[in-house]
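Consider the two complexes below, in which chain A is the common component and chain B and chain C are the respective partners.
The block that comes next holds the complex of A and B.
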């Protein structure tokens, strides 16, 4: 076995081990504490879990890319809300009145385009001004959220299209639509990050920016592309979610950025960039959702759930650090 | 040599940074198939000149001419596409990525749709690695390699493109002798193919071994070009620092005091075994051996970074355990580490703060840091070590490599330790400051410090040590007094050849 393989394996596998542990724990604890009489590991329950993971999950996949690249994006929650507003509202615009159900792809395209444009604005500012992505996207978070409120004040934006609801509630091969979108996103982005030159360069930039520059990699365009990608994914997440619910409040999507970052970090992506895995982020997303559901199953309230997730996050980072220190001592060739 | 057109020419390059005129009208000409040395003191502008050539800095004035065509190096990629390959002084690698990805960083082979052509990537890398005869493969993660092997990854980059000129900025700083041989073969091979090579090094023996001509910079200006075969060390040194140096072997022994540090049967897993030695006050003990012989690991144990698996450490005759670097510092042990970038410096901090970092706690005036005292310490060691910087406010990351090393040394000297351990103290340091640092080490011993010097440079250990501990593969083979030691028996000891007991 090559050096480093064990620690890598432990780190990659850890999140899935954690998930298994939760499943076992909640199944057993559920028997004694649960208020409902369905088993925790019920198939429907698990499918529902996958579906509920989708909105944050799709964003978290994008966040993984951004963080591997050495940046962060705090504006995803606001982009999510704005894209949702655009999608739902555009279906009622008089220009599209004659389209019938063809208005759906048009509305989707507009929403996704919104995400891409907002992401591109973030990316361009980071590229051209050199200001830290944290600051830029913090500003964008406030700014984009402001746009959401300007659109409709405190009022929700609503539009129910039954074809759309049917589509969103459909199942294909046993999996709900939202789950397909999540898994599809994971697959495509995994492919981008591991198989394309852009993806590998993104890793290199996050790992050692100076080395990347020295090697002639143009950092800015890669930043821009990744911010456009996460903008797109935040909008995709909105498209998937609001196709079903049909109504967006101006405050929707708040804290999504933090939940996404939590999932990414739980999945083992380094905060400093250069290392991380899309698949493990999926693990992180599922782990959080499982924890929420599981704690709910045994009767805990939301506040307790958040407290527990916070504690677990810190514990995970601590363990990761210990593991890394061990690796350094023993594994240098 | 006038019959061949130069591979490249630099004309009157000027480059200024805030407060520093790093290059002041420097010209340089490199012929195809020539190994051209670039020499000069730390901070003379060698790396800066190469960064201008490599597209990392834009010159304020001057021309770059490649194959008789004036060109502008807009970016590193642009320079590369014009046939200039730059092997950097500081490791410039992405540690989480594989060897192959690092060698082809910025130019991964592509298939359609922007996909990486992994097959081609690994095949090409394997070919290069075979030429370099290294012990790792294309898929190894770079972070898992030793510093020396990482350097080999850097060097491998020279072989990826059809280069007109390759710049090696102090490539041997962390290589073993065996790896140096491979590097010199690579250079010879490039030379045969008509590539022009610019070779930066502070090591005279290498300069005489492989270069054809030598250009010297001093304080950012061009001092002249010498033909290697027709010059000598003294002439080069004169050009570099404006005076000659006495590089003769150290003879005057200090008065020896009590045993300050004694180590008995110390072991640390597989890293080293059953190591015993002592260091007296006033004594310099040199540790010599190949990279990987376990010397650095012993130093790290003494500094509380590693837990020994067996054995005893005695300070002033008292058995102690050293739990952490903070513990080591409080017990009067200081370590100047081998890897200055990773372990010794906070690159984004200014010079003064780096130097006083371990003792800010002691420099307080009330609840505040006593800035005046900090500046005083900085000034003292800047003068003593001749650190070239426009002032204490300069960010350490902007200093030349050698001057960074001096900051680290100054930092630990200012702690007034009882036992000072220096690991490769003059790596990347110019001849003038090198002898300065050697004198300083002797002087410190003279003041009653116990000093351990770890070095892979034979002239250095011979020059500064009262006794020399020769290590091979984690074991002490023999301890020489300075009267017994010769280059031959030292080489034998560190290559694992059993010493002749009678000798």
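The block that comes next holds the complex of A and C.
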């Protein structure tokens, strides 16, 4: 065994170890504290958990790509809301009245297109102006949210299509539709990041932009593609979620960017870019959702969830730094 | 020897001579771009005034500044944090916490004790963040993101999720900070101006202020010149917490009751104002005066667009465009090219 393999393994597997720990803790604590009779490790409960992880999870997968590339996207919550509004509203447009249930794929396509376009706007601005992605997407977060409000005022946009609801609530091979979308997204994006030239270049750019440029990699198009990808995924997340609920408030999706970033960081992706893994992000998403459910299960106030997640995030950051400090030459200050 | 000096002289004087004219031109352009935010501000003010004469009405102007005061006070503290090269995303939920705490303590121990009590608690939170970022050198974005969530949880736990209201809204002098006037000027404006002047002097005229710039501009160099970087960063977060507490006081005093989420989302608007004022997120640049301008621009745009007859939410779209244009022009002026060198 090479020196350092163990610590690498520990770091890679840390999030899954954390999940196992949570499962054990909540199962045991639940026996004494829980008010309900059902066990925490119930299969239905776990399936529900996977389903509830889907909206943030799909976005977090996109955020991982963006962060590996050395950028950040704060506008995903607003893209999520705008895509949802477009999807639900377009189903009522008179143009599509004759389509019957075929309006569903059209509405989906429009919503996904919205996401791609909004992402492309961010990507183009980052590429062409050279303004930091943090600022560009911070501005876009305000701007896109403004568009959501201008679309329909402060009223919720609602449209229930029962075919759609049935589809969204269905189970396929034992897994809820939303969970399939989440797992499918993870699989596809994992493939992109690990088995394609684009993925390899994205890692290279995030790790050392100058070296990547010198190696002949064109940075801009990769930025653009990744922002389009996260826009698409934010819209996909909205499609999955609002197909079932059928009603979107203009404020929906607020703070989603922060939850997604939290999940990504818990999964071990570095803010500085160049490293990170899609699978670990899935672990981060599940860990957060597990914590929410678990704390509810043992009867803790839902209020404490935010407190615990925030402190865990800081603790992870601290531990990660301590692990990374070893053997590294650091300026003593 | 003489040959060498001649060559160097020729080398240094030649380009300087020919570069003089273009430098002046570029300099003028750069000056315009550097002060672009002031130019944009002036253009907006003139445009809005032409569109609607009520815009320059003293009452209107007073109203805009007054409603910007809470955001503004928070932006002052965040300016210090940003100049020192860090971020503070926790100010929004910290402001909710301050508001809830001071309202709760008001009924329990009276306003005279509630205010210092609240300041002490908020400063503790600021010290905690300052410790994590300054002394433990953790990434400020993630730390304050975690604290955003944690403090929100803390607020909800403290209040039990309920709205907080003062029992006797008529009989308390607590409303003096948010609602009354002194010499015809609303107190929030006076407090905003007071905090802005004190912090402006602190940043521009004291050794501490210079240390903040040094730490943000080049942390390693600052460390080697004997500046205690950790302590400076720590103090910046304390200042930010102080400003947040003041904003919470203004908010609580203005409404005398509050939801748990009163400050939600403010952290990003505050950051937008600071960036609009021209502070670089990389640290080392920005001033209190420019931040005040940034805050006022946000406020006046919102007001002006309403007076022109656009709907309320159009301001967000306009703010988006302005932020990106402002930062873009600033960067373009620094690098001397409009389009980015990114391939």
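The rule is simple: the second predicted complex is superposed on the first by the 322 of 333 C-alpha atoms of A that agree within 3 Å, B and C clash if a C-alpha of one lies under 4 Å from a C-alpha of the other, contacts with A are read in each partner's own complex, and residues count from 1 in each chain.
Definition applied: a residue touches a chain if its C-beta (ideal position, glycine included) is under 8 Å from a C-beta of that chain, and two chains touch if they have at least 3 such contacts.
These numbers come from a predicted model, not from an experiment.
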Counting residues of chain A touched by each of chain B and chain C, the higher count belongs to C
By the touch definition at the top of the document, which applies to A:211: first (chain B), second (chain C), both, or neither?
first
By the touch definition at the top of the document, which applies to A:275: first (chain B), second (chain C), both, or neither?
first
Which partner chains sit in contact with A:132 here, chain B, chain C, both or neither? Use first/second/both/neither.
second
Once the structures are superposed on A, label A:197 by its partner contacts, choosing first (chain B), second (chain C), both or neither.
first
Looking at the overlay, does A:171 come into contact with chain B only (first), chain C only (second), both, or neither?
neither
A:303 contacts which: chain B (first), chain C (second), both, neither?
second
Taking the superposition as given, does A:140 touch the first partner, chain B, the second, chain C, both, or neither?
second
Chain B versus chain C as contact partner of A:74, first or second or both or neither
second
In the superposed arrangement, what residues of chain A touch both chain B and chain C?
213, 218, 331, 333
Spell out the residues on chain A that touch chain B in their complex, using ranges where they run on.
2-4, 195-198, 200-201, 203-204, 207-208, 210-218, 274-275, 329, 331-333
Residues of chain B that touch chain A when the two form their complex
55-56, 75-80, 86, 88, 91-97, 101, 105-108, 110, 113-116, 136, 140-141, 143-146, 149, 306
So in the complex, which bits of chain A are touching chain C?
74, 125, 127-132, 134-136, 138-147, 149-150, 213, 218-220, 223, 254-255, 258, 261-262, 265, 271, 301, 303-314, 317-318, 321, 331, 333
Can you check the complex and tell me which residues of chain C touch chain A?
89, 132, 136-139, 141-143, 145-154, 156-157, 160-161, 220, 223, 229-230, 264-265, 268-269, 271-272, 275, 281, 311-317, 319-321, 323-324, 327-328, 331-332, 335, 339-343
